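Take a look at the following structure, please.
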Amino acid sequence: MPSIRAAIIGATGYTALELAKLLVRHPRVQITAATSRQEAGLPLAAIHPWLADRCEVQVSNADPRQLAEVADVAFCCLPHGAASATVRELAAAGLRVIDLSADFRLSSPALYQQWYGDHHAWPEKLGHVVYGLPELFAGHLTEARLVANPGCYPTSAILPLAPLLKAGAIAAEGIIVDSKSGVSGAGRSPKLGTLYCEVNESVAAYSVGEHRHQPEMKDVLRRSTGVEANLLFTPHLMPMDRGILSTIYVTPQRATAADVMEIWREAYSHAPFVRVVSHLPATKFVTHTNFCDITVREAGDRLILLSALDNLIKGASGAAIQNLNCMMAWDETLGLM
Amino acid sequence: MPSIRAAIIGATGYTALELAKLLVRHPRVQITAATSRQEAGLPLAAIHPWLADRCEVQVSNADPRQLAEVADVAFCCLPHGAASATVRELAAAGLRVIDLSADFRLSSPALYQQWYGDHHAWPEKLGHVVYGLPELFAGHLTEARLVANPGCYPTSAILPLAPLLKAGAIAAEGIIVDSKSGVSGAGRSPKLGTLYCEVNESVAAYSVGEHRHQPEMKDVLRRSTGVEANLLFTPHLMPMDRGILSTIYVTPQRATAADVMEIWREAYSHAPFVRVVSHLPATKFVTHTNFCDITVREAGDRLILLSALDNLIKGASGAAIQNLNCMMAWDETLGLM
Amino acid sequence: MPSIRAAIIGATGYTALELAKLLVRHPRVQITAATSRQEAGLPLAAIHPWLADRCEVQVSNADPRQLAEVADVAFCCLPHGAASATVRELAAAGLRVIDLSADFRLSSPALYQQWYGDHHAWPEKLGHVVYGLPELFAGHLTEARLVANPGCYPTSAILPLAPLLKAGAIAAEGIIVDSKSGVSGAGRSPKLGTLYCEVNESVAAYSVGEHRHQPEMKDVLRRSTGVEANLLFTPHLMPMDRGILSTIYVTPQRATAADVMEIWREAYSHAPFVRVVSHLPATKFVTHTNFCDITVREAGDRLILLSALDNLIKGASGAAIQNLNCMMAWDETLGLM
Amino acid sequence: MPSIRAAIIGATGYTALELAKLLVRHPRVQITAATSRQEAGLPLAAIHPWLADRCEVQVSNADPRQLAEVADVAFCCLPHGAASATVRELAAAGLRVIDLSADFRLSSPALYQQWYGDHHAWPEKLGHVVYGLPELFAGHLTEARLVANPGCYPTSAILPLAPLLKAGAIAAEGIIVDSKSGVSGAGRSPKLGTLYCEVNESVAAYSVGEHRHQPEMKDVLRRSTGVEANLLFTPHLMPMDRGILSTIYVTPQRATAADVMEIWREAYSHAPFVRVVSHLPATKFVTHTNFCDITVREAGDRLILLSALDNLIKGASGAAIQNLNCMMAWDETLGLM
C-alpha cells in the first residue's frame, strides 16, 4: 500500500504526542517532520520518551515551504490564535492541512472575533472550511484540503445532540451540557492551575458560562441540523489524565429513551466510532480508543444523554487521523482500531 | 469543662473512622465505646491505624443497654435499613442518638417505603425526627434526643437552594443538580465498583434518575421552605477519595447573581460553616473541613449555583458533631475548626 | 496471512481484559472462546465494556476438550493453584498453552511446594517448561507446547540483572530489588486492600521479605546465567493503575555504568522490547506498550539499575503474545507495536 | 494562656499553606503577618482559599524590621539559597526564626558549598544552629533563637536509623534509603515536571545518587550518633499529593527485629510523634498528622526498616510547630494532635 508523509507542527504538547503515538501505528503514514520553536534540534523521542525506538524524526524549525518538500499532509498542533497564520502558509505551500486548533472551526469571522479576538490571519476562509466530524460531514471531507478538527467538548455534545435535534425529538431550548474532563485538555505548558497538587483530589468547574466551546457547539449544531439550539455548557476539571464525560439534560418532544436509541442507531449505523450503548458510559471504557459511547436515560420529564470519549483521541488526535483517512478515501478506521 | 461520653456504632467504615478522627480532637467528648459485629475484640486503632496512639477504645459487640451504661450519646454508622432497629433500641436505652444512616431522614413512612423498602423498625417515628442540618433546623436541635444526619449530596444541594426557594428568587421548576463525588461515599465494603482500577482514571454517572438522595432533597426543601421543588439529581463518581461538587442549574425569578449572594449572606450570617465565596469552589478548598462553599454565576437565562463540601465531614461526620454541639448547646464549631 | 484461533481461560480479570485488548488488534489471531465460571453466558464485552463492538465472543463454561475444537492456543488466566489442573487438561486436549499464572514458572516441585503449597496438578512437569521470557529463552520457545509466562516483577528484575550476572559485571551477593507497582497487579476480585480509598493517596510495602516473586527471580537467574544470586525483593503498592518501576541496588565488579550499558546493548541488540535508555525511566514512558526500559546510574560504590514496564503488558499479556509470536515463528513484534 | 505572634515569610507555597492551616488551630499562636514578593496586597485566603473565614491576614512586602514589630517568631518558607539572607536579617531584628529551607541544616560552610553552592549569606553560622528534630535535639531547642527545620526525607531516614547506629545494632556500611514521596515536596512553582499529566499514573526515580538530602542525612546522623554512616539515598516521585515512605536496607550487627523494636521503644518513649508500630506503615495512616510511623522486618541477612510520614507536616510545617512548642517550653504536641 502506498503511504503518505506527515508533518507535525508544534510537536511538544500532549496532542502532538498522542498524534505521534497513533501515527507510528498507522499502516499508511510516515512521520517525516516535526516542528517546535523551543525544542528544534532534539529527536522527537527525547521530548516524548514514550516514542523511543519508535519514531526517528528530528524536531526542526522548518518553515511551511520546507515542510512541503518532505510532507504531504500537516497536522497543525499550534495553539489557538497562533495557528491561523501557519495554516495559511502550509496551505499556500500545497500541503493538505488538518488544524487541531480552534482557528477554523467557527463559521464566520464575526463569531471568531467575538470569542477569540482579532488575531486571525485568514478570516475570509471562515465559513468555507470543513468541520472535521466525519459522522456529520463525511461527504465534504474527501475533497478537503483544509479540515478544522473539532474541539473535544463539542464532539462529546454534538454527537448525541445532532441526530435528535434534526429529528425534532428534543426541544432546542434549555439544553444543558455538564462536562467533566481530564487534565490533558489543558495542555502541557507549565501553569499553576494544572500542577499535580492543585488538581489532584479536587474537582471544580471553570469558565462557567463563558467557555469558547459553547459557541462552537451551537454553531456546528446549526450547520449540521438547521436548528438554533439554546445551549448552556459548563466544563469541569477532573483529577485524571484523559477522558470526557458529558451529561446532557434535554427536554423530549414526544420522544422516549427507546426512540432516542433508535434515532442514534440509524444515524450512526455507518459510523464505526460511535457506540450506542445501553450501559452508563465511563470514560475508562473509551480511553485509548477513538470511540464515543452514548446512551440515554429518562428522568422525570427530562431525558439525560450521556457521552464519553477520550479527549486526546476522539477529542483530538484520533479524530485528526479519522479525518485524514476520510480525506484520502481510505478505510475510516485505518490505524485507529 | 465537663465532657460527655460517645459510642460509635458500626465502627469499621469510612464515616466511623472520620468521626473518630474528629472526636479525638474534640475538647468535650470522650469515645468510650465502639461496636462492630465482625471486628469485635480488636482495638479500634487496629482497624484504622491512623488512630494509633490516639484512641484506646476496644471494639465490642455491646448491645444498646450496655452502651447506655458507658455512653451518653451514640453515633450510629450502620447502613440504611439496618440502622432503624438499633437506633430504636439505643433511644429506648436512654441514649441521645445521631443517626448517620438514611433511616430517619424522610418525613413519612410511605416515602421511606417507596425508596428504601419496608424494613423500617420504627416507621411511626418518621415525621417526628429533626433533620440535622443546623443551618436550617438549629432551633429544633437543642431539645432533640434523636437526630437524622443529612445525606452528603442533599447537604450540597439544600444549602444553596433553600434560601433561594424561600425567598422566591428562583423557580421551583426545572432544577437540575449535577453532583460529582469522591469514592469514600460508596463505603468500605469490598465491591467491584469501588476497586481502585475500576474507579481511577475514570468518571461515570450512576443511579441516574433514581438515586435516593433525590427524594431526600425534595422532602427537606419542602419542610424547610414550603416549596415543592421539581428537582432532578444526577450523581457522578470521581477518581478521588473525598469531596462533593454540585453544579446546580436553576431559573431565576427576577433575581440576579448579586441578589443570590445577598440572600445567602443574610441567610447564613450566623452559620459558621457556610462560606459564601466569590471564587469558583473546588473540593480541595474544603476537604478536611466542615465548610460548605457556595457561589453563583449567571449564564444565559439561567443561574448556576456551585457548592463544594467534604462528603465525609460536612457531608457526614463533621455534620454529626455539629449536631451534637447544637444538641448540647455548645459552641457550634467546637472540635470542628 | 493464515491466522490461529485463541481461547482465553478465566476471562474476567485485568490480565484477560488486557489480553483481549491486544488480541483484537493482532493481525493473525482470532479470539474464538473465552471462559469464566461466574460469568458464563454473557458476551465478553458485557464484562469488559471497553471491548464493545470489537469482540463478539460469548463467555462460556467450555471444558478443555470443547475448547480444543474451536481454538489452537489457550491463554490461561486462572489464579495460581487453580491453573495447573486446567493447563494439564488443555495440553492433553492438544492445545498449545501459555499459562499466565505462576504454576509452571519454578523449576522444581520442591520449590513450588515451598512457596505455593502442594496443590499442583502436574508437578512432574516442573523443570520441563519454557520460561516465557523471549529475551533469554527465545531458542526454546519455537517448539514449545506449554509456556510459563513470567511474573511482572521478575521480568522487571531479570531483564537488567541477567546479562550483568552472566558477564560477571556485578556481584551475586547483596542484590536489592525495590519495586513499585500499580494496583492492577493485585487482580480484579473485590478486596478491602485494593479499594480505591485504601490505595489512593498512599504508598506502602507489602509481603516484605516473603513475596513469591523473589524465588522466581533467583530460580530464573540461576537457569539463565548459572549464577546463584543472593537477592532481596521488596514490592510496594502505588496509587496508579499500571506500571512497575524497579530500583535495583548492586555492587559492581570492576564494571562502570558505561560497561553496563555496553553489556546490555549487546545482550539486547536483537530484543525489540528492551530499550536501553539514558534517561531515568518513568512508568509513564512504557505504559500501554510491551517495552521494558532500563538504565543505570553510579552512586558511591554501588550501581543502581532502574527498569520500567507495564505490568499488564510486558509484565503479563503483552509478554504472552510475544511468546505466541515466538512459538509460531512469527515476527516477535506482531500485534505489539 | 498568653499567645505569641507569628509571621510567615514566603507565604505562597504548599509549606506555607500547611503551616497556616496548622497555626489557625494552634491555641497559643496568632498569625500576624505573611509576606510574598509576587502576591503582596492580597489576603492570604485569596491565595489559599482553604483559609477563607479562618485567617484574616493580608500578604505584604514587609521587611524584617517591620515584621519584628508585629511578630515574635518568623517561619521562613523561602527557597534554599534565598533564605539565608532573610533569616540573618530576621534574627538581627530580634525575631526567633524557624527556617524551613535547607540553608542552616548542614554543619559546615564547606559542606553547604559543596551541595548548594556559594550563595550563603551567613556561612559562619553553620555549625551553630540547632537541627530541629526534637526527638534527637530537644535539649538544645529551649534556648534556640534560630532553628533549622529538617528536610522531609532526612526525617524519615534519621528517626529510624539514629537509635540503631547509636546502639551499634546495625552496620554503618551499606545503608540504602529508598524513598517514595508525594508531589507537594516539589513545590508550587509551575514546572513541567510537576504538571498533573506528567506525574499522574507514573512513578520514577530522580536525582539518583546526587540528592542534597543525602549529605544532610549523613551529617545529622554523625552529629547525633557519632557514627559516619555510609548511606545511599534514592528518592522517587509518586502520584499523590503528600506522604513519604522510606524503605531502608541495613545490615544488622547481632540485632534481631525484636531488638530493633526494643531500642526504638526506649529511644522514643518520650517522643509523642514517633509511633513504633507492628504493621507495615502506609502513608495514608499518617497523612494530615505529625506522626512518623516506623517498623522493621527481617529478610535474609538484612533488616528492612520502614518509615512513613506526611512530608508537609512531620516533614515540614508540623515539625516547625513542634520546634516552636519546644522553643517556648510548651507541651510539644500543642496544636498538633
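For the reader, a short list of remarks on this structure follows.
Note that the chains take the letters A, B, C and D in the order they are written out, and that residue 1 is the start of every chain.
Here is the rule we use: a contact is a pair of C-beta atoms (placed from the backbone, for glycine too) under 8 Å apart; a residue touches a chain by one contact, two chains touch by 3 or more.
The model shown is predicted, which means the values in this text are computed figures rather than measured ones.
Using the average of C-alpha coordinates as each chain's centre, D ends up farthest from chain A. Averaged C-alpha coordinates put the centre of chain B at 36 Å from the centre of chain D. One finds 40 Å separating the Cα centroids of chain C and chain D.
Distance between chain A and chain D, defined via averaged C-alpha coordinates, is recorded as 45 Å. Shared interface positions of chain A, defined as residues touching 2 or more other chains, are 198, 200-201, 239-241, 282, 284.
Judged by the touch criterion defined above, the protein chains are all mutually in contact, each touching every other.
The residues of chain D lying in touch with chain C in their complex are 174, 176, 178, 180, 182, 198, 200-206, 208-210, 230, 232, 234, 236, 238-243, 245, 247, 249, 280-284, 287, 297-300, 302, 304, 306, 308.
Here chain D touches chain A in the complex through residues 14, 183-184, 188, 190-192, 194-201, 239-241, going by the rule given at the top.
Note for the complex: chain B touches chain D at residues 24-25, 49-50, 52-54, 201, 272, 275, 277, 279, 282, 284-286, 288-289, 291, 293, 337.
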